[in-house]
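Just passing along the structure, written as structure tokens.
Which chain is which? They are A, B, C, D and E, in the order written, and residues in each are numbered from 1.
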Amino acid sequence: MELARIEGTVVSTVKAESLKGRKLLLANLLNADATATDNYLVAIDSVGAGIGEVVLIVRGSSARQTESLGKVPTDSSIIAIVDSIELKGAIVYEK
Amino acid sequence: MELARIEGTVVSTVKAESLKGRKLLLANLLNADATATDNYLVAIDSVGAGIGEVVLIVRGSSARQTESLGKVPTDSSIIAIVDSIELKGAIVYEK
Amino acid sequence: MELARIEGTVVSTVKAESLKGRKLLLANLLNADATATDNYLVAIDSVGAGIGEVVLIVRGSSARQTESLGKVPTDSSIIAIVDSIELKGAIVYEK
Amino acid sequence: MELARIEGTVVSTVKAESLKGRKLLLANLLNADATATDNYLVAIDSVGAGIGEVVLIVRGSSARQTESLGKVPTDSSIIAIVDSIELKGAIVYEK
Amino acid sequence: MELARIEGTVVSTVKAESLKGRKLLLANLLNADATATDNYLVAIDSVGAGIGEVVLIVRGSSARQTESLGKVPTDSSIIAIVDSIELKGAIVYEK
């Protein structure tokens, strides 16, 4: 999984039927110490994540493995809201 | 998923049976603010996207999860036409 | 999917049973305007592609989705021979 | 699979149901000689790996193939603790 | 698939049950002309490959498609030993 911060949203009217009602969040991938990278992706939320929160993103077919996303054509899903990150013995991020 | 802009088409006569009748679109991957990158891929359309439109592309096995693409041997499908993108509180793209 | 040009072949005697009788083609990945990149991969042919031809390559589990490749342990298959590519209104490649 | 060293942990309260009780480990991807790279990912442990240990990480749908992780929405799992690495005839890492 | 040369081995005692008895080989990914790159991965052998040999590696879910590897949690498998590579009309590698 990858660490990311929710930075925005994507709005779409014309989309695959199974995406209807799903929030499309713009996520900035993070380094291990929660600093920003230049990379973004669009993920579907399964845990109620909001703008500014640090989350865990799962990709590929595993993105369809959560209870609520089985038939959604997604390759990137938010599966956890991160409370804290400990790296080499130090807390590098806390919510 | 990834943001992309439809920039062209690929024409093929000799192809896998299940690709027949499918439009092969050349998509330029975009940054989060809808500016162009150097990367392109060829995607199959499932929502009626046209040249110039900004879309969402899903990759991998999830590209075969939409209602109409179950048996098509694709690893990249267009699943949404983007109306707008909001990044860090600003509208960075509007159709 | 990705554009590629067939540039060579790989010969192997000792290989997985289900690869027997399959041609292993060396494919050079192309930019959107059909110019060469530095990247190559080895793909299995499902459409009768020959040396020099521009093709479409599908990767991942989708590479096993064509009629003839269901049980072959491949992650890269040639699923179309490209006739032409139109990019930003101009024909950038024609067979 | 990829070599990695466990360097930290990620704590999350709000997460997918099937992640509950799973340890989320921050893993630093390694070169073949066990030296560090700049890349990290978050993996789920299936073998009891601890901080500082060198492990093998499996990605993609294969990350759900171990006995205990079948329904967990993970794309990165730790499937082995590495005792030693031999590269070009020399032992480059020993536990 | 990707060309690689077997350069070493990884030894592990504590590992997923289904990995027991499997050889973990350290493979150096190669360019199309069989010269080395900086990239390595750890693959499971399904064809009896040995140190120094040039092989074909399949990745992702396809790595579990050979007869013997169906339930092994691997994302990289060796599925062929390469005898020769022909690139742009010249033999660039011969066993």
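As a working rule, a residue touches a chain if its C-beta (ideal position, glycine included) is under 8 Å from a C-beta of that chain, and two chains touch if they have at least 3 such contacts.
Just so it is clear, the structure is predicted and the values come from calculations on it, not from any experiment.
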Inter-centroid spacing, chain D versus chain C (mean Cα positions, whole Å): 33
Mean-CA-position distance for chain E and chain D (Å): 20
Sites on chain D at which at least two other chains make contact: 60-61, 63
Touch-based graph of the chains, sorted into line, ring, star, complete or other: ring
Ring topology as an ordered chain list, initiated at chain C and continued via chain E: C, E, D, A, B
Parts of chain D lying in touch with chain E, wherever the complex brings them together: 1-3, 31-32, 46-48, 56, 58-63, 65-67, 77, 79-89, 92
Complex contacts: residues of chain B adjacent to chain C: 7-19, 24, 26, 28, 40-43, 60-61, 63-64, 71-76
